[in-house]
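I have a structure I would like to understand better, so I am pasting it below and will then ask my questions one at a time.
So that you can tell them apart, the chains are marked A, B, C and D in the order they are listed, and the count of residues begins at 1 in each.
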Amino acid sequence: MQLEQMYQEIILDHYRTPHGSGLREPFDAESFQINPTCGDEITLRVRLDAGTVADVSYETLGCSISQASASVLTDLVVGRSVEDSLRILAAFQEMAQGRGQVTPDEDVLGDGVAFAGVAKYPARVKCALLGWMAFKDAVVRTERSEGGASSETADPKEATA
Amino acid sequence: MQLEQMYQEIILDHYRTPHGSGLREPFDAESFQINPTCGDEITLRVRLDAGTVADVSYETLGCSISQASASVLTDLVVGRSVEDSLRILAAFQEMAQGRGQVTPDEDVLGDGVAFAGVAKYPARVKCALLGWMAFKDAVVRTERSEGGASSETADPKEATA
Amino acid sequence: MTLDVAKLRGDFPILARTVRGGRPLVYLDSGATSQRPRQVLDAERSFLEQHNAAVHRGAHQLAEEATDAYESARARIAAFVGADPGEVVFTKNATEGINLVAYAMGNAAGFPGAERFEIGPGDEIVVTGLEHHANLVPWQELCRRTGATLRWYGVTDEGRVNLGSLELTPNTKILAVSHQSNVLGTILPVAELTRRAHEVGALVLLDACQSVPHMPVNLGSLGVDFAVFSGHKMLGPSGVGVLYGRAELLAAMPPFLTGGSMIEMVRMEGSTYAPPPQRFEAGVPMTSQAVGLAAAVDYLGHIGMDVVAAHERELTALAIDGLSAVPGVRIVGPTDLVDRGGAVSFVVDGVHAHDVGQVLDDRGVAIRVGHHCAWPLHRRFGVAATVRASFHVYNTPDEVTALVEGVQAAREFFGV
Amino acid sequence: MTLDVAKLRGDFPILARTVRGGRPLVYLDSGATSQRPRQVLDAERSFLEQHNAAVHRGAHQLAEEATDAYESARARIAAFVGADPGEVVFTKNATEGINLVAYAMGNAAGFPGAERFEIGPGDEIVVTGLEHHANLVPWQELCRRTGATLRWYGVTDEGRVNLGSLELTPNTKILAVSHQSNVLGTILPVAELTRRAHEVGALVLLDACQSVPHMPVNLGSLGVDFAVFSGHKMLGPSGVGVLYGRAELLAAMPPFLTGGSMIEMVRMEGSTYAPPPQRFEAGVPMTSQAVGLAAAVDYLGHIGMDVVAAHERELTALAIDGLSAVPGVRIVGPTDLVDRGGAVSFVVDGVHAHDVGQVLDDRGVAIRVGHHCAWPLHRRFGVAATVRASFHVYNTPDEVTALVEGVQAAREFFGV
């Protein structure tokens, strides 16, 4: 069985007891993302506070990988500066899209390193990234609203990036 | 050389000295036909007289096969009843589309039997038939005008039948 | 004829391979695409090594041979579905075939003799709630472009078309329906639907993607006006599909793709078009693929489509029985075999379809997860994704057992 | 690198065959379709025997492998023409690619962000008088549907585009031109035409069917907005072609064919679409054909396109010289080698093209006769049909000699 490579205990734990799940108020921006292949969905909210990610809350309809990934995301970015959180996101994305060739840095990615196994299954990479893309989109939206624009519905075209 | 199978002396003779060529008045119907693959053209006129093909006149822009075929057509149908001429046409068409499997009847087809060799070259069958299709179309048109309709421009859709 | 599946599997090189570290491949994804027997691969290759040339365009021997091979392919494929050769248009896939009809209707305004294809505000296009996106989105787009209205038959809880959910009207221009659902396996009541459509003067387009590969289909006697299917789902090549259209309709229908080989006369100022099927085959066609598809219908015809259907029926019964016996498994679609073909889709309580699929894949069992390009149907059943097993003539009862065991294993792995 | 043509011919099984009672095949019809080397046939076959599955749709190992093969093909083909993978859309042939752009423009009205593609009365589409029907008829039809006006650059007596014959205007929405004429061999001044088009804000579509297979082409640095070419003309499979579009344009362009795999979200009430290139690839694609085409560009890349071009240049020079020396032969198109590729079309005084072709065919020499899908161009030169010889990397000087001798024989046979 190679299954355990993908479904590491850490992932299954996050899947069974997701951290930070549920939609909370207040929030600065919300993003809705969808995986067009399987119909999986996430709605994710971000609240910033003086350049820091103060809260991430979300509701998912999806597989174990996408749920666990959202949970790990919450752990990794809440309390960090926006800048840091985007750096973590970049590292996570690099690993997830790295086809198993990228050795993840546990200092940066924490429990996220457990997703290294997923990177070997290209069809599941989108699952692992769904929440992260929602987070990225929501952060961009907070910036836009700061710049005066109102928070709109997500452009789901970016969901599959 | 298998060339002589296709270009029998009879064909080359008709090609060099076509019978009945040129457009003449009076006529009952005219048909314009075109071969969409090579752009070859024929304009052919028919004059009937009491159920008999009184004259066939034509102008062609085309290869030796299509020119010789129009010439042979003239010899075969002028002076025949319309019914006979259509029977000859059917026999010619059967031979031409017969892939060399149909033995032509010289009593019916006269010089037309020389086109049996063409039947082995599917790409040239349309050349051999171009004039005949124009004749068929023109005869149909004379019937239409008898029925009261005016002689219109040919529907070239039937040219490639 | 009894089917010697073990022997027949020898014709399919890919079935001998292993996956995921040495596990034998159990390929249960033929509803997405089927595998090709050696006979199909060889036919295409020998065409390319001996006769390849541009068809309908050359006067040399190769061009003659290539044209003959292409037209002979058309004739054999036509005979396979009870059509005349002139009623068979080669497309790249079934999707193009449906788009062809939709765009041709959009092009009908002002095309001489094409009045019956014209469509505009007040007109209706009717589909069903179980269509593949290929038989839904082109009609949505045609409506958007022309102002026509899209309506649809609903789907019952057991996965049948709800014939009472809609009345066709004299405004209905075309009814576009699946012959067999690619998700539920349901076979639709085509005769009744066609009767209704013709009664109000509407055309009928049949999406035969999941029927022609799996059962005997005679399009002529079904009486539909158009039908589409894809080569790759019936042991044939990818890159080739068929649009069937009744001769009289094709003759009146405006072209869709335009360019070389479909013209009658071209001037800078305007062009006229060849008779069908050429009118609908612009450009150099998928020649070797048509040859391959003809080899596929020869192969299927040699087995007998009734034999294929009976074999798949047996596998479907086994799958339904086996899966139903697993706690927490819910089959989406009919659980009896009445008017039902061999796609079996299901959900497993507490385990997402993707996760079930992963466990199966790990065991060498290739199935499909997701909405299978029938997203509205999945919404209708309140699920985002299902697991789908689908069969072809090369599948075995043991492979169905491997599927059922894999689903059990998935439940165990995720502790439900 | 010098080209060992004799050795290379060994890669092409069909070149070893004989025609018309034992004569060696002299294949001079590559402008219509080229032949495939073993490497291309093998690539496709091994894909089908090992990795075949529906791409972008499955979660099992075969589906992963098939998707990888398909996307790797896209990347290699993109690199071959100086494009990014996301700028390469697979179509069934070049004809579909041109139709895709024409229909997408027709679909732009009301599609958010697609304003620059909208077209209607008062707008102009510009082509040239030497286009293949594939790059003429779709624009005629677009004009018919939208009320836009088609205009065209004239052609000079020596077969060049007459740049003084037309001024583009701010109403010009798109300029669609050949890179190289499939009849005359003329290479068009793409840089100058593109400059003019962009100056007035028009898009440029390049029909690269006859350039990409025969010379180094970098679409990125040419600066055109769209380009099309076909696999079958470049040693690759039939049934696959490429539409290149600048990333920013594809991202804004409405879809053409709709159905599975090109969607983002589908509801019965309406759908949204995926980003490019998927947005333009509806349905199960020509997977193995894309893999075959990638093998073809690998093969050509290994030889080097500059070597291919130099070789064809040599053959073209020989053909022009040899044919010019035959009394009564008139070459239609440039008779020097400046901005000229290797299609050589000609007429023989007193012998119709079909008859010349027949004599050549009888001697094993396969060329094409007719208007070569460029009927208006033939009218421009006052001829109904020409004889066309066209070359690829596998042709030899001896084959050119066979052509010239065959033309002489035709004159003798018909006594002119």
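Heads up, the rule we're going with is that a residue touches a chain if its C-beta (ideal position, glycine included) is under 8 Å from a C-beta of that chain, and two chains touch if they have at least 3 such contacts.
Computed from a predicted model, the values in this text were never measured in an experiment.
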Exercise. Name the chain pair with more contacting C-beta pairs, choosing from A-D and A-C.
Key: A-C
Quiz item: What chain lies farthest away from subunit C once each centre is taken as the mean of the Cα atoms?
Solution: B
Quiz prompt | Gap in Å, rounded to a whole number, between the CA centres of subunit D and subunit A | solution = 44
Quiz prompt | Distance between chain centroids, defined by C-alpha means - subunit C, subunit D (Å) | solution = 30
Exercise. Compute the distance, rounded to whole Å, between the mean C-alpha positions of subunit B and subunit D.
Key: 37
Self-check item: subunit C, residues touching no fewer than two other chains
Solution: 20, 57-59, 63, 263, 265, 354, 358, 369-370, 375
Exercise. Indicate the residues of subunit B shared as contacts by at least two other chains.
Key: 37, 121, 124
Exercise. Please name which positions on subunit C make contact with subunit B in the complex.
Key: 56-59, 63-64, 67-68, 263-265, 272, 274-275
Self-check item: Of subunit A, residues touching subunit D in the complex
Solution: 34, 36-37, 121-124, 156-157, 159-161
Quiz item: Inside the complex, what are the residues of subunit B that reach subunit D?
Solution: 1-3, 6-7, 12, 37-41, 61-65, 121, 124, 127
Exercise. Using the touch definition up top, name the residues of subunit C that touch subunit D in the complex.
Key: 13-14, 17, 19-20, 25, 27, 29, 32-33, 35-36, 41, 45, 48-54, 57-63, 92-96, 98-99, 103, 107, 110, 129, 132-138, 140-141, 144-145, 150, 152, 230, 232, 237-240, 255, 257-261, 263, 265-268, 270-271, 282-289, 354, 357-358, 360-361, 365-370, 373, 375-376, 379
Quiz item: Which part of subunit C faces subunit A closely enough to touch in the complex?
Solution: 20-21, 352-355, 358-359, 362, 369-371, 375, 378, 384-385, 413-414
